[in-house]
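Consider the two complexes below, in which subunit A is the common component and subunit B and subunit C are the respective partners.
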Partner chain A sequence: MSSRDNGRGVANAAPRSSTPPKSALRTFRRSVGPVVPIVPAAAIMAVFFVGPILWAVYVGFTDQGLTGAAALNPQWVWFDNFERLINDRDAHAAISRTVAYVLLVVAGQNVLGLALALLLQKRNKAMKTIASGAVVLAWVLPEVVVAMLWYAFLNTRDGTLNTILASVGLPGQSWLIDQPLFAIVIASVWRGTAFSLLIYSAALEEVSPESIEAAQVDGASGMQQLFYVVLPSISRLILTNLLLTTLQTLGVFGLIFALTGGGPGGQTQTLPLYMYEQAFRYNLIGYSSVIAIVLVVLGVILSAFYLYAFRKGSK
Partner chain B sequence: MTLPSLAAPRPRLHAVFANVTLAIITLLFLLPLIWLVLASLDPGATLSLRAPERIALDNFVEIGTWELTFRPMMNGLIISGLASLLVVVLSALAAYPLSRYTMRYGDHFLYTVLFLSALPVTAIMIPVYTMFVRLRLVDSFLGCILFLAASSLPFAIWMMKNFMDGIPIEFEEAAWLDGASSLRTLRTIVLPLMTPGLAAVSIFQFILMWGNFFVPFILLLDPAKLPMAVTLYQFFGSFGVVNYGNLAAYAAVYSAPVIVLYLVVSRVFNGAFRLSGGAKG
Partner chain C sequence: MLAVATVSVAALALSGCTDAGGGDQVIRVVYPEQPPSTAKSDVIETVKAEFEEANEGWTLELVPINAADADYFSRIALMFGSPDTAPDIVYDDTFQVNAHAEAGYLAPLDEYLTDWEDWDAQYSPTTQDLGKGLDGTSYGIPITGGTIGLWYDKSLFEQAGLPTDWQPETWDEFVADLETLQAAHPDIVPFAAQTAEVHAEGSTFQTFQVLLQGTEGGLDSSFYDPSAGEFVTGSEGFNDALTLLADLRSKGLLADDADQLDPNYWGTFGGWFTEDRVGVALTGSWLMFLFGEYPEWTDELGWTPMPSRDGGDAASMSGGWVWAMGAGAADKEMTFEALTMLTSYESSLALALGTGDVPTRIDVAETPEIAENNPSIPFFYDLVNVAGIRPGVAEYPQVSAAIAAATEAVTIGGMSPEEAQAAYDEAVRSITGG
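Let's turn to the complex of A and B:
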């Protein structure tokens, strides 16, 4: 934000320019000129991103379908889709399932990412390269590949996990059948930890060494330094990261869709998968738009929850 | 414990503890990959973890056909390549005035962009599908590219602006005094100075789009147009009949470009690829 101020004097783009305009055309150029490069990006975002968002809200009030009469000529149905949502037990189950999934994944990847970032501080270059390399590798892999890897890893018959457990004398499990939520959570944490690690590593570099030294001089233990010096000084980035990872996790589709398909028996059917099913299997586009709105609202509620918790914590 | 002579062993113990813990976590992170590596080199692979009886490249040879591998790969390159190119060009253009000028609605625009970048794109896929049906953009590369670009632009603009803010303005002042237009200044002075940032944004965008499954899965129908993200899912979805060695090789081929790109970025720019743009919350 700060370096933007440098441009003011030279570019004369600010309306408060001191030199008097020489002609109307010139004034127009000066005030509109700087905006021109933004136009292509703004136009594409408006048509193909903001447009669909507004469209989703509109469609939520119609009986829009995928095929048949409801596709060609959808009717305005007011709050029918919202009423359906209120009475739809499967949707309620999907909402609570989604909240559980998101909270577990966000907690897992933030704790693991922060712990890794703390452990990686002051390590030698080789350790840093290898450890962060392995974690970030999990992040750059495409989500369908991740789903496949975890399918093989958690496979019942001689999957990697069961083979390892057997080698130390522990019984295996049909993880994807018996613990499906655990399966999608651990696969998502595995994939998402890198994001938190990258953000927390950058954040920890900004913590002033003086304040840590001061705490050490005062005789603070490692844990005390962490909780009273380090964490408070990066609290803003923790909050930002919680928000970002929550919104990312809410939108996870491909990983769950390819790993469990929402099953068994709908046990891993989060809202995005439920939305997809309502639209493409039951032909209910209008209703699935309402579910999309719920998904966004859920993001807003969770964000507000973090903001509230942080404000309370800092008091 | 208060004696100075006793202070030394503790940090060393701490370092040993940290290194051991890190080694264990690293190993745990690599575990799920072992099956992929072994199975892709094992002509008789199953879903089970086992050492190959014979290490061979048969799986890679068997999947090397136009319909199965090369066409989806080319489709993916066209979609992800063009979309990320579009995103980089448009976000650089948009970020320049946002970084350099004070504009009346500049901050409003930036906060809108930030808000949009946080929205889960998944939520609007179904409305996008019905909208694209009406616009006749379903099942076309153009529609898929435009949507991918539009949904990636908010974050890219934010990243690009943060990189641009880091470039000192003095060089441009000279060019402005010589009468160069702002677009010319951007092209000849600013962009060359922020090559690492540009590369980071392009590669980051490409990696995200190459791995994106939902967008092409919803917007493309013709099997001849599908990228590897979707064909791998179809391959993987045909359980039972599938040859797992081939499947593992296919996943390895599909993952190779992003792994190579990641290695290039982390090697060449050593640290520039830290989401620096996104991290400044």
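Let's turn to the complex of A and C:
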């Protein structure tokens, strides 16, 4: 109540004499006013998002443990954890494995998603609904369910794939053991394709039919139409989708953990799994925080690369 | 506005608290239980009923945790992180006791134990040591134990012309007998043991450390030197044990890679015993836990110690679990009262019968029902005398993982023992900061 009275008082006072302090107040209100409504949201972000990030950075400079004396009295160790990372061959292997995994999965799901979107573009509605419905189902399934499905399919002993191969007289293989990276890439692509399909289907709707017709009149082949007309006109969405799928894939944990557990012999241990192992198997919270920072930096580098390409492409 | 946000944050935090039940009259008991087993819950629920009846106004809040061992330890470490979830009583592995005590999670029990007459009467000094930290203080009351030995299928042995009361004296004899077995039964897996990285303690504590204990000087000269307080690198014993594994592999005496890499390999070869598909397994006294639908195991299977490399004392490892008190327990007298009920003769006997684990109390071990229920118990109980124990230092989990990497490298990865040991030595140096 009283604040409203005050407000009216200020408003009434204003026309009488517009003195400098009043206009300063107005400027203040105009610049700060719009900010006020977002303060609660910003405060929550600060507490639950920025806070933990800052904590992770802080912990990265300590030997914080989950158990043992380092859990009770963590010591400030300066750059020991970073030094450890520089000398840690397993971590280097995990980083290069992560990059390979991300590249393969992102390439796979974007190419497949785009190809499916192109194939479905000119089909009738029933066909579209059935086909995209089937693909989107993979996206609806939780990661762990996808992992179990692929485990059932690729499993050595009674896996569906080996059973099918045996029925046509072909020898089976221990897919999850002989080709573990292939297994997690395929499972991830299988799941992620739906996301790209949805984005690309929407994008293709926006390509103007006139420009395609014009290309056809000029005698462009199907491939030429695709590369010179369709792709350039959706290039911004391709980049956006690449960025989104890269960041999604970089953080994949559940699917790999449930499918191979990072094994055999660490062959599918990507950075998130390596970080988990350091934190919860070896109780090294400080070191795993440094790995988390590396993961964030990796995401930032890849995003920056896409944004750069994006800006260059749109010029 | 900021106040509103602060209030809502505080409200969120508070709602988290009230869920926990609150109040000083509650004692939270945390323990691992993997369905379908209810062995621990059955015993603990009986104690809960008795405790609550004897102490009006008090409640034992039972928190069973369904997780694999390694996950269980991170779960309880995280629970200790907040007073709202910290266990007042926790079922802890003996080799975690020291690290948990150093982290300030566990309460020292010495002052209560001296007034408890059962402590000196029913627990042998070696058993008492299982619940101690490296500082010599008792943090836990041992409740179950376990040792490692060889299980073998007597009928397969008989058909191969091997003695059914098998007792190999040296590693050479052990390997030769496995080869005899393999020649007679080409379709079986002659020797099952966990060696893959994914089996973690299964590969290190249940397999490799047993072999190390059987090398010259035992664990002290090949693994962890307690007097120097450091892990040993470059030892001959370590090379001997890796070489044995590599030999077993090259002679085709181990299972296929795919089986060995299966995270559930232990359960798999346990099942093979019921189908005469495995000759010998190196594993814990708790293997019988898998034989629910196979009561004939008591006659058809035999058990014998793993020999040392050149004969002499047998080789084994021992571990087990303790009941420990959380450092944050509000009323330590009452909590200890509950601890004594959880470790009483009746509770220990019921738990040993339910789990098939080796008992820790002298009066329980001497109860005839124990051997009637599980005839292998007296054998595994006696192995405690020769068995080594894991060093309870904070670096142990990492060093253990480095061992599992080495055992997998020589049995599945095709690495030579020398290369695997060099990689292990380097890992140990980086872990201990040397």
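Here is the rule we use: the second predicted complex is superposed on the first by the 260 of 315 C-alpha atoms of A that agree within 3 Å, B and C clash if a C-alpha of one lies under 4 Å from a C-alpha of the other, contacts with A are read in each partner's own complex, and residues count from 1 in each chain.
One rule holds in what follows: a residue touches a chain if its C-beta (ideal position, glycine included) is under 8 Å from a C-beta of that chain, and two chains touch if they have at least 3 such contacts.
Note that the structure is predicted; figures quoted are calculated from it, not measured.
Contacts of A:G51 after superposition on the shared chain: subunit B is touched, whereas subunit C is not.
By the touch criterion stated above, A:P264 is placed in contact with subunit C alone, subunit B being left untouched. Counting the residues of subunit A touched by each of subunit B and subunit C gives the higher count for B. Using the contact criterion defined above for the overlaid structures, shared-chain residue A:A100 touches neither subunit B nor subunit C, since it reaches no partner.
In the superposition on chain A, A:L307 makes contact with neither subunit B nor subunit C.
By the touch criterion stated above, A:P40 is placed in contact with subunit B and with subunit C alike. Judged by the touch definition given at the top, the superposed model places A:V136 against subunit B, while subunit C stays out of reach. In the superposition on chain A, subunit A positions 37, 40, 44, 47, 66, 71, 157 are in contact with subunit B in one complex as well as with subunit C in the other. For subunit A in complex with subunit B, the residues that touch the partner chain are 1-8, 10-11, 13-15, 33-35, 37-38, 40-42, 44-45, 47-53, 55-56, 59, 64, 66, 71, 112, 116, 119-120, 122-123, 127, 130-131, 133-138, 140-145, 147-153, 155, 157-160, 163-164, 190, 195, 198-199, 201-203, 222, 236-237, 239-241, 243-244, 247-248, 250-254, 257-258, 272, 275-276, 279, 285, 288-289, 292-293, 295-296, 299. Residue ranges of subunit C in contact with subunit A, taken from their complex: 1-2, 4-6, 8-9, 70-71, 73-74, 77-78, 96, 99-100, 102-105, 196-198, 200, 257-258, 261, 263, 393-394, 397-398, 401, 405, 408-409, 412-413, 430. Within the complex formed with subunit A, the residues of subunit B that make contact are 14-15, 18-19, 21-23, 25-26, 29-36, 39, 46-50, 90-91, 93-94, 96-104, 109, 113, 116, 118-124, 126-131, 133, 146-147, 149-151, 153-154, 157, 165-166, 168-169, 172-173, 176, 182-183, 186, 207, 210-214, 217, 229, 232-233, 236-237, 244, 247, 251, 254-255, 258-259, 261-262, 266, 274-276, 278-279, 281. For subunit A in complex with subunit C, the touching residues are 36-37, 39-40, 43-44, 47, 65-72, 84, 87-88, 156-157, 174, 177, 261, 263-266, 280-284.
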